[in-house]
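What follows is a pair of complexes built around chain A, which joins chain B in one and chain C in the other.
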Partner chain A sequence: MFNLNKKDLSLLIIVAVLTLFAPFILNPFPAGSAMAQFNAGYPDLMQRFVIFGIFAIGFNILFGLTGYLSFGHAAFLGVGSYAAVWMFKLLSMNVIPAILLAVIVSGLFSLLIGFVSLRRSGIYFSILTLAFAQMMFALAYSVLTPITGGETGLQLALNDPRILGVSQTAEGNIPVPGLFGLEMRDSADLVIGGWVFTFNVGYYFCALVLLASFYLSIRIFRSPFGMMLRAVKSNQQRMNYTGLNTRPYTLAAFVISGMYAGLAGGLMASMDPLAGAERMQWTASGEVVLMTILGGAGTLIGPVLGAGFIKYFENIFSKINDNVLHSWFSFLPDGLEDAVVFIIHPFIGKGWHLTLGILFMLVVIFLPGGLVEGGQRIRGWLKNRKTKDNGSASHETNPAE
Partner chain B sequence: MSILEVKNVGKRFGGLQALSEVNLSVKENSVHAIIGPNGAGKSTLLNCLVGKLIPDTGSVMFDGQSVLGRAPYEINQMGISRVFQTPEIFGDLTVLENMMIPCFAKRDGAFELNALSAVLSQKDILEKAEHMLEEMNMADKRHMHAAAMSRGDKRRLEIGMCLSQEPRLLLLDEPTAGMARADTNNTIDLLKQISDERDITIAIIEHDMHVVFSLANRITVLAQGTPLVEDDPQNIRGNPKVREAYLGESA
Partner chain C sequence: MSKLDVSRRGLLRTGAVAGAGLALPTIFTAQSAHAFTNEPTGGTVTLGFNVPQTGPYADEGADELRAYELAVEHLNGGGDGGMMNTFSSKALQGNGILGKKVQYVTGDTQTKSDAARASAKSMIEKDGAIMITGGSSSGVAVAVQALCQEAGVIFMAGLTHSNDTTGKDKRANGFRHFFNSYMSGAALAPVLAGAYGTDRKAYHLTADYNWGYTTEEAVKSSTEAMGWDTVAAVKTPLTQTDFSSYIAPVLQSGADTLVLNHYGGNMVNSLTNAVQFGLRDKQVNGKDFQIVVPLYSRLMAKGAGANVKGIFGSTNWHWTLQDEGSKAFVRSFGTKYGFPPSQAAHTTYVQTLLYADAVERAGSFAPCAVAEALEDYEFDGLGNGKTLYRGADHQCFKDVLVVKGKENPTSEFDLLEIVEVTPVDQVTYAPDHPQFSGGALGTCNNGA
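And then the complex of A and B:
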């Protein structure tokens, strides 16, 4: 089915089930319970999981396959956001043209930047992409204020033309992004016992886009083009002496991943119609690198896992504060309670970066293949235990994806 | 009929005249060896043939067309394949994938954005690659990572990859350097078989005289960047100039 082999198809189905049932899966604790703060099943965060998943899937096509480490991909995400917001301002509040323009514009930008940066490889390529991204950030932040809104960011206004839509609603408000009448912010709640599950239009729209993006990335990975990209990573010398021009291959990979970033940026603007320069900053570019490596660069599902992992930490761990800790450890004697809270304090709240940094180091040192390798090891270990129980030795090995 | 014509080629690196007035003519379907002591300019000459270096003077014509100023991949597409001194293969890919890539390059040219069809649906490429693996006696290793193979197998794979492009000229840069005797003999047999069975010209740079005299039917001796003699193997053996170049004047 879908022109995929059995293994890839089951992977796609797993991702489909996970994303479509995310409002249930991410809300395991009843609302109002002590553990409810670990629930991640609210629309805003779920949208972010999926959007950054798309961003990381695209980044992985460049970094995972060709090995070219770009430190400027957030620039394409930012460009996509600006393009989408301009579409909302000028054309209509329908998200389809906005996202299309976001993808096209970021594709053009990545063509230009890729053309220049790909003249070098290794660290020089990374530095060139970083320089371009910082230039674009600086331009967006100050010089191009009329186009980008500068420090305050680009926002919708009541007097925007919106040729195919309305400048303001009947109530005199700014209209909201939608898809042929379906508003992105619309949600329906399902209450079962103590649990509240929220189904949001915007989230499901993003989820479908994620599934399409993921499917496309599987096809690219399994295509002759994908094989050529892996060959570029493995040995460029042999590529050149096998009659293959590596430049257009790497450029195509760069543009494709730039367009994925633009798609993510367009979706971000569609969920919340504003765009700011901080989305293009180098820390944002670094984040997608972390996501991809943490999840497992060069694997299909890794970047999605990495994106989910980091966004969960960013939003959930950062919300834990000292009061919460005191309530958790209130069963301990007073002095001991204070000591425990004192020790944990640097790792929570604003210190979540520290926790993430430590986890990242542990993963890179002990699981160079990322979370995906962790999963494979656990599976291999379980399998070994099973075969030992059965008293038969199996020498089957699972090649890494 | 000569397939490769090198005329008056010179190359200077700073103060070092690496090549000067090199003239060389490789006949079609021959095995032509280029030998010479260390520093004679063998590798520089080879690099001038494949587009890695551009000579300062002279011309290099392959099958009536100049190769100068063309990128390595363009020269390869003209029909010149190169085997490196240390095997250059795609270590992270499987042996079968290694063999498929030159088949794609032969069929689709230097670039083809074939991003949506599955590799496994390219039956013609798969068939050709499998066939080539069988011919190289490595069909049983098809799913192995290429980097995990022995040096001799890597060499075999590299030669197979070059052959699957159906080149007209195969260039080999010391193909047996650092090999054990048994591997060297296997490589000699393989190259002999290739030159007997295929419509192909082989140019080989070599240090090992055993290899040279078992394979070549024409030999050029290079010394200090310029050709000393070009002759048949039996005449090269006894040539006093060659001895002098290799062993010094005292011999």
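And then the complex of A and C:
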């Protein structure tokens, strides 16, 4: 099916099941319980998981396959957001044209930046992309304020000249982005016992786009083009000496991953119609590098896992405060309770960066292949145990994708 | 003719399936089942405190959070009640809001609009917050304000000084207690004219972002109305840490006054550079060279150290004010934390009280009812004298403080002295003033 081999197909199905049932998977704790703090199944975060998943999948096509480390990919995400918001302002609140324009504009930008930056490789390429991205951030933040809204970001207003559709709703509010009348913000709650599961239109829209982009990325990985990109990674010089021009291949990979970033930016703006310059800052570019490495660079599913991991920490750990800690440990005697809270305090709330940093270090040191390698080791360990039980000795391990 | 064979077991089975089928839609409740977003149904109500905990304004965020915790304590009847005792409205009983115990959730804005919106969204969608407040930058305030408008909750702005928050980007669900660039300019200009004369030539260094622009415009137009000349206005990148290359041209320009439209770390660095260059010892056009900082905060004064001595600026509130409200607030804040509150702490504390009071007076948590209770509401006893929450743009109008760096500070908190309390009439403007034009409140949104 879908022209995929059995292994890839099962991977695609796993991803499909994970994304479609995410509202259940991410809300394992009853709403009223103390552990509800760790629930991540609310629309905004679920949307972020899949949007950054798409961003990381695209980044992985460049970094995972060709080995070119771009440090400016957030710029394309930002450009995509701006394009989408302008489409909302000028054309219609339908998300389709907005996302299309976002992908096209970011594709053009990546063509331009890629054309210049890909003249160099290695660290020089990284620095060039970083410079371009910072330049675009600085432009968006100040010089281009009339187009980008500067520091306050580009937002919808009550007097936008929307060609298709109204500038404001009957109640005098700004209309919300939708898909042919289906509002992205709409949600339905499913209450089962103490559990509350939220199904959000925007999330499922993003999830379908994620599945499509994941499928496309599998096809690229398995295509002759993907093989060529891997060859670039293993030895570009040798390829050049055999008389093959690798530039068109790397440029194509750069543009594709730039368009993925633009798609993510357009989706982001569709879920929340605002585009801020911070989206283009170098820290945002660094974040996608972290996501990819954390999940496993060069693997298919790794970037999606990494994106989810980082966004989870950013949104869940940063919201735990001392009050919450005290309520968790209130069963301990007073002195001990304060001591425990004191020890955990630096790692939660504003200390979420610290926790994430430690975990990142642990992953890089002990699982250089990222979370995917962790999964493989667990699987290998389970398999070994099983085969030992059976008495047979088949030591076949699955190669990394 | 088909034979209808009804067995007991078959009937039960069909009945059970039909029953389950009928019951299924009822466990799906659309969120519109409530009258408004996050209507509190139990014995508690949740407020969302969205402040910068990391990034350049983390210190201010920490102080805001302290004030919020104090406000919640007072609303729930704990502590000494603080400004609730001096507040002109007596609707608050110290038993929570409308009898519901106040709980809160916190989040980190990182002083980035995206992160701030993500954090506010999780408060609304996950924690069921009925009101969002906080922030220490106008970009964040504007972004979160727009989000709250869409989601249908009230936004009580924290520290945001740009005109746009209640100008170009105002929203019906958003309210600002803090003063703004225009008020700073209007309050400062007469004091500057009195201290330095009316024939000065000013040189502006402006942080290259939204707040910088509105502040530059406000100070420029107010001082020019007093007879000053503006020689040049130079934009400096927000990330700049060394301003020497911007200071050097100031002296060659023939200007005799430097206006630093900088905030936070920017101001600390630019002022330090300017003083190190010896600008303040120079004589230009036969006059002593002077420096002005339109927006002061105690944390900035602390950062710039001795360099702030004698430099004029404006501020929303200062803990040395001697009215009953300020004294009560400083007392309870000091008792709890051991040092006096900053202006950021003051404005966030007041905003929380004002919100709670408006809910009590409206008798409902519905955002539209709360907004109506806040609009054109006059109150007193919260530290800035008589104050009006104007309905036309949701901006508070109150006295503005003109301050000066203290020559002989007695402690690390006693860095500013109040030069003049500019009466509210002098800083009031029409809602359609050109510096605030281009936006519309829209209508209030109760959400789902």
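Criterion: the second predicted complex is superposed on the first by the 401 of 401 C-alpha atoms of A that agree within 3 Å, B and C clash if a C-alpha of one lies under 4 Å from a C-alpha of the other, contacts with A are read in each partner's own complex, and residues count from 1 in each chain.
Just so it is clear, a residue touches a chain if its C-beta (ideal position, glycine included) is under 8 Å from a C-beta of that chain, and two chains touch if they have at least 3 such contacts.
As the structure is a prediction and not an experimental result, all values here were calculated from the model.
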item	value
Combined model on chain A where chain B meets chain C, clash or fit	fit
A:Gly306 touches, of chain B and chain C: first, second, both or neither?	neither
First, second, both or neither for A:Arg238, with chain B first and chain C second	first
Partner chain(s) touched by A:Gly370 [first = chain B, second = chain C, both, neither]	neither
Partner chain(s) touched by A:Gly78 [first = chain B, second = chain C, both, neither]	neither
Vertex chain A angle, Cα centres of chain C and chain B, expressed to the nearest 10 degrees	140
Partner chain(s) touched by A:Pro43 [first = chain B, second = chain C, both, neither]	second
Partner touching more residues of chain A, whether chain B or chain C	C
First, second, both or neither for A:Pro23, with chain B first and chain C second	neither
Touching partner for A:Gly114 - first (chain B), second (chain C), both, neither	neither
Shortest CA-CA distance between chain B and chain C [superposed frame, angstrom]	34
For the chain B and chain A complex, residues of the former touching the latter	50, 71-73, 76-77, 81-82, 84, 88-93, 97, 100-102, 104-106, 108-122, 125, 143, 161, 165
Chain C - residues contacting chain A, complex	27-31, 53-54, 58, 104-108, 112-115, 117-119, 121-122, 125-126, 137-139, 142-143, 146-147, 149-150, 162, 164, 169, 208-211, 213, 235, 237-238, 439-440, 442-443, 445
In the complex with chain B, residue positions of chain A that touch it	3, 5, 219-220, 222-228, 230-231, 233-235, 237-245, 248-249, 252, 256, 399
Complex interface listing, chain A residues touching chain C	39, 42-45, 48, 138, 141-142, 145, 150-153, 155-159, 168, 171-174, 176, 185, 187-192, 198, 272, 274, 276, 278-279, 314-315, 318-319, 321, 323, 349-350, 352-353
